[in-house]
Every structure is written in structure tokens, then in C-alpha cells.
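Consider the two complexes below, in which chain A is the common component and chain B and chain C are the respective partners.
On to the complex of A and B.
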């Protein structure tokens, strides 16, 4: 504890309205705490410098970079295709959507077309990934609230069923490396669609059980309602995307806005929150999973036969024309974008990842001010970060 | 979204003195961009956000690009001793750092509009206006550019390194960055002793 250092507050130090008011007069001795980087509730090697007045947060600065390996520099030194397996490691929960975002950007850069069947496979795998991500996030979040074990294990049980599908499809549970420029690496194995159909058919039963178990729980409601409220205007200005943005009531889903891939063929709704608190973020994710299941049902019924990769796409000696492209998709955590500049050589001149969890952390301090330390853990959990993507 | 040429005219009409030029993009992606002069960067950004027809309220992606000094070879005709000869002339194009912003509108659902700001060179005049006052989403991303490329954003509320550690000196994403041989080298008292001992070596075996 270093109270002397805090006697002279730093230049940009200010107590925001939420923490001032009734507490301003009786602010006692401030305590500086370093939360993390090895704390189990920080979801990886993530640290927060928190200044506390009693139990109340008056300042919070996120510190990260412990997993930084300069992914973008590696991407500039490798050929376009060689970066594909590295994208799996960004957000290691959602390798399929990472693959898709990268493939989409390169397809924009090189002007490749994707065959019908590959588009369907992409939608199916991406929506399965969304199920995996949101299910686990809910498990982690209630674990952070103190519901040890049971909900998380339920979530992991269901996740494993989907990871089994990924394994039989790509050979790996998490590091799938499945998509290629202009399609997918290989066709679906025999019987895969039936297996997927079975998982999708059984999933709503689990979701109902999970919802009954958690969402009406008094403790969960007390801990999460009115905690970490994110106002609409701030969410838009701070570039928040994904379920976090929609929980604040902004209707912006890139699947609807850009209609990338074949998302314009499916009917689904975009769940929105009213209050923008932690509970809304949980609920939006739960509802999004139900919509994903709807998309999956439609896609599994209408998937056509045909090739899974554009025959014009070259794997070796792939050199797009000089130029640049920015492609983005709605990943489970928000907008995942890749910005590529080509100078006509086999390697990209610039390879940039726009990671959703990195940008979503911008408002962490704004959401935490005035709350207690125990709430910081939940608010961070509801942002849904993966450090492989934040630090890159 | 309106085409880039009319947006350019709109900016020039709305922001006095702003110089905007169109940067073409030859790739099939068809995402050309607008190059805005650094002096009017903040004013143009505010205009793009607030103008009712444009309303770019969401700045999605902010990134840096390093453009090295290039040499352009041109053939010039020169007269030597009354005889005309073709001589190759090398013109050095100065390098610069670039900040690229991808803007979208959540309200009107259009985009992307790509704007670029360029520094004067890569060494000492690397200052650009920070657009964090306009879009909060630039806060961490501009810090990242400062960290990895070394562009100094004037007006940024909290410009510190974000991914590398604070004591780190260089900017690793620059094209001419050379990795240190040993990241974990720390000078120890042993180094001083070793340096002193060198005085005792005979001249020919001095390491």
C-alpha cells in the first residue's frame, strides 16, 4: 500500500459523479490494489490497478500485454495462408469465427468467391462457435459470482458436444484452422450433419434448464442488476460491439448490417437490453443463443451439395494485387475485423487485427467507478475478454 | 453512403481550410480512402461525426502503417558536352507514418469511410492530433499505435505504452525494427569487474 504516492493525485485523476456525491465528504484513506495478473477471476493474465476508498472503486486502470507476442508482426513476416493457423490463437474459444474473419478479408482483398456449400458450412460452424462462447461465458460469470462448479460444469458438458463436432470436422477441438480463402479446407465427413442436427435439437433443453437454474436466481439478480451500467451514448462512442452493445439497447448486429456471407437468407431477431447492466448482458447472450439455434435449424435443413472451395483460389503462390481491404464479421465477442494492405508480394505489407475484447475494455473504468471490488470481478466477466486476443 | 468525391467536397465546404485528397485503392475490395491534413484532423473528425447526412458515430478500427523511404528511378535527358544523353535519376521519396481510421455509422448504418492522417517523417516530426475526444474507441487503439509505431497523438488523455512494458525503448512494428539479441540482459556488477580486468590483458589477447 502506498498512501504517500496517492496524497498527490495524478494529473488526470478525477472522481466521477457516480463515486462522489454522498461519499465525497467521508472519503477516507485510499488503498491501491493490484488485481491480477494471476487472479483466477481476471480470465487470464490481466491486471487492474484499482484505487479503493474502503471497498469502493475510485480509479481503475487496466494493465495488459503479458501475452503480447506481436501477432501482427508475425503476420507481416508470413505468407497469407500461414497466418490462418495463428488466427486460431487470437480468441482461442472461437477459432472458427477468427478463421472466417480473416478469410473474409483476404477474399475481399483478392476478389474471391465462396461456393454455396462453403457459405453454409461457415454459418453453421460460426453459430456453433457462438453457442460455445456464450455458454461458457455464462458459466464463468456465475462462477465469478460464487456459484462454484455446477453451472460451469453444465456449460462445459454442452461445450464438449460441440467441440466433438469440430474435432470430427477439422481434427482439432479448439485450434480448428478450418477455413481457407475461397471456402473451407475439407468437406463435411459422412454423418456430420446428422450429428450436428442432434446436438442442435437437444440444445434448447439445456438452455431451458440453464435459464431456470440461473436467471431467476435471487442472488444472481441481486449481484448483477444495476451493476456496471453502460449508457447507450458512451457505448456507441467507445466502439463497443457485440452483446455488450446490444445490452445497452443499440440495435447493431453486423450479421444484419453487412449481411456478409449468406446471413440475409435466414430469419433471426436481434435481442436488445433495456438497462445495459450485467444482468442484461447475460440475458442478451442467452437470447442470442436461442436465435443462433434458429439459424442453425434453417441452415442444416437447406445446406446444398457442391464444392467447398473456389477452384480459382490458389493455396501456393498466392499473391493478391496491391491494395487494401478491411473485412469484419460479428464474432461472439463483437466486431472482429482484419485490415490488410497488399503490396503484391506473397506476404501482407500490413496485417492488422481489430480485436473486439481489446476495444470493449475501453469502458471498463467507467463501468466500475463507484462499485465495490466484488462487482469489478463481475463487470470484467460480463465484458467477455480473452487475453489471447487483447494482447495479441 | 454517398460516394467519396461528394464527401470530400462536403468536408471542404464544412471545415474551412481543410485539405482532403482521395487515395485510390486498386484491390477488388473497392475501399478508397480520404487523406486529411493533420492540422485539420480533429475538425474534420468532428464534422464527420456531427454532420446530419454522414453521422459517422462509430470509429471501428484505428491502426498505424509504416511507409519506409522509397527510391524512385526516372530517366531524364541531360546535355553533356553538346550531346544529349539519357541519365537515370534517383529521387528519394521521404517515408512517413500513417494512422488509418475506419468509420461507420450506427445510426444510418453505412460505412466504411476510411480516413488517413500522415506524419511529416518517420523520425522527429511524428505528431498527429488525437481523435479520442471525438471517438472514445480511439483511446486504447491510439495508445497501441503510439506503443508499436511511435506516433505521438497530441491531445490524447493518457498516452502511455499499452502492450509493451513501460521501460521498453523502441517501436516494434516499424519496418526497420531490429530485435535485441537478448531481451533479459541486465547490467550487473560483474560487467564492471570484467571491464576493469581488461586493462591487465596483454595487447594481443585483448578480447
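On to the complex of A and C.
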């Protein structure tokens, strides 16, 4: 555009932003705001086009794709093994569950059997990941409500202990790249189970502390109760999964439904919410952590000795026979699935990720309508998104 | 009572604040440059090349088979095979890498190169203080900078390195025994041939007679 064009506004120039018309209010003008964590240095960039009437949201359009990095196409060009470290980067809080979901679908494709001990290790690491994710989410969500610092620092202090466990197991704190097709990469280091047992034993103390710190807090209740209600029917029809769906009162947990791995051996309950608001979503995650601790206690007691990887699994030259497979697990954020089509070559013909955060984001507008700008922030926080997974 | 929950939370904060003076469990940070947490045994940063003996270039275990280059997910390894060959630890003639570069600004520390290497030649380092003011050259490690001794690796992973050394020693002994047996067989064959030669031929060929 030339400078002359800028000097004179076009003939039909309107100062008022255009709106769809159905929210048009005679009393005032609608204001369009671009909201979201869109500073380039944050690790997730996301934008919401919010149309406001006063302080009320009348329209919201999530805009994403800023962190798109061709994950699925890269997966189609790379060998099966080479995609494994990339799955760590999908939801970088939960690399262990991402590894598991991918390994599960490749195992389905190639017909590999996972040894007993590896299954136990997988359950233990996945539940520890759930603890990490929910702990962090609670810290972040409370920070979004304005409790800057303290709750998040407490959450990170506890997360650190689990990350230390991951580091001594896999070598990395966040990008674990630990699971392999047909098992796990290496056996547990000596003394790891005792360390894990110690962390698991001490964790309820932190949860009690956190509950005392926040859950009875009147400000938190005022901010989060009856905010961002997600009705049961909408949650089901929109394909929402994970704690968000269960906070709306739908009893659907893939650990119970699919019984993948060895989840049928553990007794645990699935916490459900009543109202489907932000407070319920927070509370469901807190209760879920307690159930995870129960699973961990059972798994740590009964883990057998043995090999950790299927001897038929090959690292180099891995070529599953032609076919397709969909493996899904209950990741901390919801149903995480990998859909693979093999044509018998060393790399998948089609590699598709079904990310929970992305699907859960689709109901953002329905939850935000009629709420204030400050509520939009915490509703987005309660969805529990990681942009690495949303944009892929 | 309104505000009870807030007060309860405040008590919790106060307890943590006071506790941080007495309980080490509540104060988890260390003052980094002065105080360092020792890395965990499994901790991994970037790959390095293992060499045996005293000469880093002569003792490199890498035989430039380029498996790691092919398997590396972000393709950060660049290898050029040598034209000539040199004897490896068992005395077999092998290629060696004329160029072996790892761009650590691309490397994502996934450890796949280590897993696929059949020669135990590439391992993960625990060195993490790699900040550099040269963005390109400083982070492109060539084979001189990558080569680190087997003792260094042994210090990081005593058990694994011990097992690898033992198996290599066994292979070497087996190879030496084979060489010795071959040499003996050769000597024996030569002696037999000599003995045959010494015997006068029973029917000398009378060509052209």
C-alpha cells in the first residue's frame, strides 16, 4: 500500500468494527479485542478475537496455528523410531503419556507384546505425569485468577521432585523419550522404586496443604463457581474428553473404558463434577491426583522383575506390515490418540495425532459467552491447553 | 465465617515461609554458580565420540558406518567417510570418519544415535555449560571437539562402561586367539607343504620327453 492511500481514508470507512449484526445493541457499540497469550517469548502463542459489549463477551473466535511445526508431515517422512522424540514435544508437560500413546499404536500395528515389567513402568510413569500435569495446571489456573506466585511456586516445588525421578530414569526432565515399541528403553535404575515410593508417600501431604491453601478460599470460589459452565450434552456432542468432560458429570475415562495396558488390575475411582464450571474442573483434577496416587501405590507394590522390552522389537530397520492402527490413552488432558497407516515401508504412510487440548478448545466460545473479560482468562486456563499439542 | 478460607490459606503460607528456614525439604533451590547439583547418572545433554588410548584421533571407535546420521531425527550429524582404512581395536581394517560434525544447536538430545550405534562409539555427555558467543561455529562441534576419552565415559557411567570394556576385551581376545590359531594353522600348513616338497616325487612328470 502506498503512503497516499493511507493519507485519505477510503470512502466507506467505518470507525466502528463490523459485527455480525445479531448482537447489535442500540445502547452502545461493540468492541473487538484481540486477547490471548500472544507474546512471542511465551512458549504457546494463541489468540482470541473477542467481541465485547461493555465487559461482556458476545462473540469469541479462537485463532491458533502460530506454533504449527508440521508434526504430522514430519512423522510421515521420518522412521517410526525417529517420531518418538518428536511426540515429547506435543504436550511438553506430559512427554511420558505422549510416548505411551504413540508406542501403543505402533505396537498395535506391528503386533508387539509388552512385557509385564514394562507395563508396570508405563503405568507408574504415566500416573506420575498426571500428577505433574494437574499440579502445574492448578498453579497456573490460580495464577490466572490473580494469585500470583505463591501457589504456582508450591506446585513447581512438588513437580520438581517428580521431574527428578524422570531425570534419573530417562536422562531428561521433560523430553523423556523413554518408551520404545514393545517396552521401555532401559530398566529402572537401582533405588528408583524407593525414591518413587518416597515421593508418592509424601505427595498427599502437599495435596492437603494445597487444598487448605486454596479450595476453601472465598475469592477463588467467587471467581470460579458458575463461571464457564459446560453442559453435559454439549460436552458429549463436541467430543470433549478428559477432566473437562468428567467435570461436567460424564463418566468416561479411557482407563476404565479401554483398559489399555494393565489398568484393569488397579482399583481406582473416577471423580465426577456436578456443575461443569471452572471450580469443578479444578476440583476434579485435585481428586484425580488422589486416585493417581492410589494407582501408584498399588503399582509400586506389585511391580514384577523381568525384561523391559519385547525381544522381537527392532530398533533399526523397523518395518511393520501394511495396515492401520489407532491407539489411544487417557492422557492427563484427555483422549490422546495416534492414528497410523503403514504401507510396509520404514516410515508411516499416514500419521495423525488426535490431541485432547485441540478438541477441548472448540467449546471455548460456548463457555465464555456472557462472561466478563477476566473470566475468559480463567475459562481458557481451566481448559488446560498446551499449544504444542493444539498446533502440532 | 466469611474469610475463613483465606485465613486458612494465609496460615499455610506462613507455615511454608517459616519452614523454609528450618526444613531443607521446603527450600529446594541452590545458588547455582557457587553451588551445583551433581548430575544424575542417566542425565544426558549432547553426544560425544569415545576414543581409546591416548591419541584422540587414532583411537576413535567410530567406523563411519553412518547409521547415526541416518537415524538422527533432526539430522544434526554430518559424516564423511575416509578414503583409506586403519586398523581398529581387533586389528581389522576399518574406515574412519574424515569429518564428523554435530550441530548442537539442532540436536535435541534424544539419544537415538547412542541407541543405534553398534560400536559403542557415540555416547551422551553431561556437560551443560555450553554457552558460546559464536552462534554458528561455536555450536558446530567437529570431531576434535567431540572426541572424549573412554576414561571420561567410565567416570560418568561406571557400570555400563565396565560392561562395554569387558565385551570389547572379549572380542579382542577372541580375535587375537583366532589370529594366533590362524597363524599356527598357517605354520602347520606350511610345514606340511614343506614336508610334501621334501619328499621326492614318485613319478616326476616327464614333460616334453
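We take it that the second predicted complex is superposed on the first by the 359 of 392 C-alpha atoms of A that agree within 3 Å, B and C clash if a C-alpha of one lies under 4 Å from a C-alpha of the other, contacts with A are read in each partner's own complex, and residues count from 1 in each chain.
One rule holds for everything that comes next: a residue touches a chain if its C-beta (ideal position, glycine included) is under 8 Å from a C-beta of that chain, and two chains touch if they have at least 3 such contacts.
The shown structure was predicted, so the numbers you read here are calculated from the model rather than taken from an experiment.
J.: Between chain B (first) and chain C (second), which, if any, makes contact with A:239: first, second, both or neither?
T.: first
J.: Examine A:257 and indicate which partner it touches, taking first as chain B and second as chain C; both and neither are also allowed.
T.: The first partner, chain B, only.
J.: Between chain B (first) and chain C (second), which, if any, makes contact with A:294: first, second, both or neither?
T.: neither
J.: Which of the residues in chain A end up touching chain B in this complex?
T.: 12, 64-65, 68, 70, 72-73, 108-111, 234, 236-241, 250, 252, 257, 320-328, 335, 337, 339, 341-342, 349-350, 352, 354, 358-359, 361-363, 391-392
J.: Show which residues of chain B lie in contact with chain A when the two form their complex.
T.: Answer in residue numbers: 25-29, 31, 57-61, 63, 65, 100, 102, 106, 109, 112, 114, 135-137, 139-141, 148, 157-158, 161-165, 172-173.
J.: Flag every residue of chain C that touches chain A in the complex, lowest number first.
T.: Spelled out, the residues of chain C in touch with chain A are 2-6, 8-9, 11-13, 16, 26, 28, 40-44, 67, 71-73, 108-112, 115-116, 124.
J.: Per the contact definition, I'd like the list of chain A residues that touch chain C in the complex.
T.: Of all residues in chain A, those touching chain C are 78-79, 81-86, 150, 154, 157, 160, 164, 167-172, 175, 177, 185-186, 189, 209, 212-221, 315-316.
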